[in-house]
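Worksheet: the structure to be examined is printed underneath.
Letters A, B, C and D mark the chains as written, and numbering starts fresh at 1 in each.
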Amino acid sequence: MKVGVMILAAAFYNEWMRKLLNLPPQASSIAEGVDNLLFFVIAVTTLVSIGFALVALVLWAVYRNKGKGTVGQVVHPGIMFEVVAISGPLFFFLLWFFIGFRQYVEMESPPDDAMEVYVMGKKWMWKFAYPDGPNAVGTLHVPVGRPVKLLMTSRDVIHSFFIPAFRMKKDIVPGRYSELWFTATEPGSYEVFCAEYCGTGHSMMRGEVVAMKADEFDQWLAQQRNGFASRQQDSAVSTEEAPRTEANMVLQGQRLAGEKGCFKCHSVDGQPHIGPTWLGLYHRHEHLSTGETINVDEPYITESMMDPTAKLVAGYGPVMPTYMGKLTAPETAAIVEFIKSLRNPELQAQPSEPPTYEPSRR
Amino acid sequence: MSLAAVEEEPRHPEGAEPDYIRGKSGVMSWVLTLDHKRIALLYLGTVTLTFFLGGVFALALRTELLVPENGVMDAMTYNRMFTLHGVTMVFFFMIPAIPGVFGNFFLPIMIGAHDVAFPRLNLASYYLYLAAVCLGLWGMIHGGTDTGWTFYTPYSTTTTTTVLPILAAAFVNGFSSILTGVNFIVTIHTLRADGMHWMRLPLFIWALYGTSVIQVLATPVIGITLALCAVEHFLGTGIFDPARGGDPILFQHLFWFYSHPAVYIMVLPAFGVASELVGAFTRKPLVGYRMIALSTFGIAFVGFLAWGHHLFTSGQSAVDAGVFGFLSMLIGVFTAIKMFNWVGSMYKASIVMAAPFIYTLGFFFLTVFGGMTGVALATISLDVHWQDTYFVVAHFHFIMAGAVVMMFLGALHYWFPKMFGKLYTEGPAMVGAVLVILGFIGTFTPQFFLGNEGMPRRYYSYPAHFQWLHVTSTIFAYILFLGLLLVLINLIVALANGKQAPNNPWGAPQYEWDIPSPPTEHNFPATPVINRDPYEYRGQEIIENAN
Amino acid sequence: MSASADSHANGEHKHHGLSVGGYTMVFLFLIFCTLLTWWTAKQDLGDWNLPVALAIATTKSTIVCLFFMHLWGDTRVNQFILILSVLFVILMCSLTIADVNTRFPLTAPPNSERFKVPANGQLE
Amino acid sequence: MQTDATIDHGHAEKPPHLRFQFSDSARQFHAAKFGMWLFLGQEVMFFSALLCAYAYYRNQFPVAWSMASHRINTTFGLLETIDLLFSSFTVALAIHFVRLGRRGITTLLLFVTLCCGLIFLCMHSYEYYTEWHEGLLPGRFFHPEAEWHLPMESAMFFSCYFFTTVLHSIHVIIGVGVLGVIMIFNIRGKYSPAYYTHVEVGGLYWHLVDLIWIFLFPLYYLVA
């Protein structure tokens, strides 16, 4: 009840307080609640600290030393003094904690019907990809009034996705996924910052969120989907890391491997055949016929296609023909991607690979 | 320690032990000294140097931030600069400052001991500290590093800058800190004079005790963490590297397990000094001695359990965030207890106004506001907005830097006559104190507003709408620097030309004012007996300070 | 531990040691525990392997502390230091692990227990 | 400060080992022991960061942990444990005999302890040597045999294992050095039933080395 009254009162002063405290606009569904708590906390903090300073100054003015040898009076405050000193702050701190905790739980619980957008942070840019195709660098378009869930990961170091106007922030850790959700409430364009220090270009790792009216957004998304195929060639928007493209490349690689006859000698189920199996090949440590051990990486796979006998895996004969000239560069890359996709789940998953991911429903 | 005895006998008869400064001469008598007071002065010299160095870095940063883009340095230089500012101030200034200088000097005197328990270990910790500073400087000369003082992985393990010497410096400094802590705890336990019960310990000693416990139990964790980070750098062990199966979040847990309590390593001694200053300048016994002493241990203990609030936005679950958020709130209560008792002590007091007390008043404001914004930051949903913004920067400068700098300077003025046997000039000292306090508040208050608006920390360039607040902050930073210069000059002048200080120029009740200024080499002619409480006022004459 | 330390005033130390036979018994018991832990590790106790191993290790270390390190009958404060540091180790490990174990599943590393491998693996 | 000669106790018959800041030997002995205990508390925390890393990753990758643990030599681990326990036993006896003033047997026991420490180091070096040959050193030296099918996360196990055991071995080396110096002092007759602080404190340190190994053995060598 008390909380309710408090929030109501705060709402009345909301705009005024927001300007006074220099806060950005409240553009997400949780922003107003967070701000109300913020005003409450900061108001109490300011009043108490100025109060303490004033009391100290007044006490100094009143009880100045009146000349040599004078001493103060011995005061033994009752137990009530200590009780107030403990319970007063404790009351406020716990109140803030409970309100803040409830808000945090809300922030951490995305609704089931949230639209998903994949976010990739890398030095020093943001990439956004929508589930069915379009992607963008630097600008995230979201509909107003619909919950949006961002699934985020980083390519290199820790970044942090921060939208001040939404009062939202979440660290993006390489090799892990993090999620953040919001519902934009006001159309407009809002700043995005990287809030976790990530190197020379940290301060330039900015972006923008464009909140559009729902119908405008749908229109925009449809446009983007139509233009997606042609935009893939557009070098201005690099799509190499976009999850969708990756999946396409894998499929393409699978098709090519069948067409070029790779499966005559290489299995994908772990059985050794004429050649080593592709299952779990990527980043496997293979022993070569020369006795060395090698980490199977992209260069090695590519080399083995072009010059198969150069580094033979121990136990296999030099029977594979060269594919030099028989595969174009993109085709080679696609097959490498396909091999990379055949990772044994027991084995390594490159952290920065796009998600093999199922939306979590709660 | 009865007053009657003191006044009857001449305390310092001719031919008795000379004071610790003039007792011995020559360079070797200083560099190999085992006297805790001389070691304290060695610390004072080094700490002043690192404070100055960190201050110069800070001014360079503030100057760069006058303009949104491309100021006086490039982004790489800026990034190194803020890292070095942080490393220097945290590891080389704030952690050793008050325990190293005033702890070393006054801990044995206040408990009636002739020295610390392990004088050689004490010198060793100073040299470890000095070695750390030298390593750090060497790293800085070779380009410095750009990881931030938090050394977050995987950035710190992949950066091409010279991060290793800086990590090594922090590691070595940790050992200095641990050994000092061990030394202090043992001293407090075993060398208290007869009659010095636990409840007669000055509050500064209680604070040092709490600090030392944290130093001993938390510092090793950062040592091993930084060592892991360094090994990762050249062996690629991958403990914190996601590409090899490690987890960068683990680094953050281990790092903050030390670095959150480290905040209390820095501020608890400052709280201790505040108790001494309030006790001396209110000219009446402190209110709530027991509560202040006990709350020190509350802070020390709960401080260990709150580290997770630095990870609220790292993907922490609501469950863990709830636990850490709740525990963080309790620390604020313990600090509040101290604050109520200090301000309560001014009631019906007879307050002597002097530079140290002005610092104390500044400390009150900075600590209350800084501390309560800390509670605000620990409020989970608000932290989501404020984390890694200038709000955090402003908050920890208020509570950490503010409290430490205020009380370092306060203590320096307060104990100056005892340490050097000279009186400083009160006028310029008061002006300096006011300038420092105003400069400090003026520098960091705009940063709270910057943080509210969403300005992230460690930004070299920023959108133009943040500029006016940055300019305001920078102007006050210069005022702060001027204030500090004035303080420095005033104290140097006093050192050269100050009048001879009497034993107790403040008329303070604490034990350390009973012995000569400066003290003799072994502090007391014989092991003293303590027969009164630390803030028990005995009606000393106030001997007016110069001017 | 009192300031006056009058209990030690005569320069006499209190000795809390055992006899040679006592030390030998302790040593033999420790060897027995070591062999026991080695043997239990070879048995399949399911989830109980780790707790059993830790329980034996804790017993051994307690005995070393109490008798070899003379903590039995030593001052309270020395006992307290050990207990405090062990307490902090436990708190540190448990709160850290509590964090990873309650996170949003995808924040776990891809090969770990908690990472859910998707059914279709596609980004739909 | 009051200068009262009557309470100025103990200064007349001050033993040579008593430092000026202490009023009596008992207190000085107590201070040294207390200081060492604090240092040991510090050592426990020192290893705790590694223990935390261990627990963190074992909790996430139990399978990798178990598979990786099978690659290190349990028998060696067992022998090393017994070796260290025995050295702890001899140190405890050394303290016992130095209290009784029996210098010869104390020296002998300290010497046996030193030998145990050295044997431990030799055994551990041999272990590292074989692991190096098997490509099990962490980081960029981690090249295990392919047929072992070690999961990639087992690298974490070996990182933790090497870092912890190397740190432990460093402690053993320091301990051997400290006990060696104490042994020489003992031969020179520095210790007596009235003053044997170094032996007691050095012994405490050595026991801690043993104590840590008691935990490392099941945690690294005996993962089921």
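Heads up, the rule we're going with is that a contact is a pair of C-beta atoms (placed from the backbone, for glycine too) under 8 Å apart; a residue touches a chain by one contact, two chains touch by 3 or more.
In this text the structure is predicted, and so the values were computed from the model without any measurement.
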A-D compared against B-C, more contacting pairs: B-C
Most distant chain from chain C by Cα centroid: A
Rounded Å distance, chain A centre to chain D centre (Cα mean): 44
For chain B paired with chain C, centre-to-centre distance based on mean C-alpha positions, whole Å: 34
Averaged-CA centre spacing for the pair chain D and chain C, given as whole angstrom: 15
Distance between chain centroids, defined by C-alpha means - chain B, chain D (Å): 34
Residues of chain B touching at least two other chains: 189-190, 194, 217, 221, 242, 245, 247, 249-250, 253-254, 257, 315, 317-318
Overlap residues in chain D, where contacts from two or more other chains coincide: 9, 23, 27, 30, 34, 38, 41-42, 45, 48, 52, 56, 60-61, 151-153
Junction residues of chain C, two or more chains touched: 5, 77, 84-85, 88, 92, 96, 100, 104, 107-109, 111
Chain contact topology (line, ring, star, complete or other): complete
Residues on chain A engaged by chain D in the complex (per definition of touch): 283-287, 293, 346-348
Interfacial residue positions of chain B with respect to chain A in the complex: 75-76, 79, 146-148, 152, 154-155, 158-159, 242-243, 245, 247-249, 282-285, 287-288, 291, 312-315, 317-318, 321-322, 325-326, 329-330, 332-333, 336-337, 339-341, 343-344, 346-353, 357, 361, 364-365, 368-369, 372-373, 375-376, 378-385, 387-389, 449-450, 452-454, 456-463, 469, 507, 537, 539-542, 544
In the complex, chain A residues that touch chain C: 108, 118, 131-132, 151, 173, 175-179, 243-244, 247, 345-349, 351, 354-358, 360
Residue ranges of chain C in contact with chain A within the complex: 104-111, 116-124
Residues of chain D touching chain A in the complex: 63, 135, 143-146, 149, 151-152
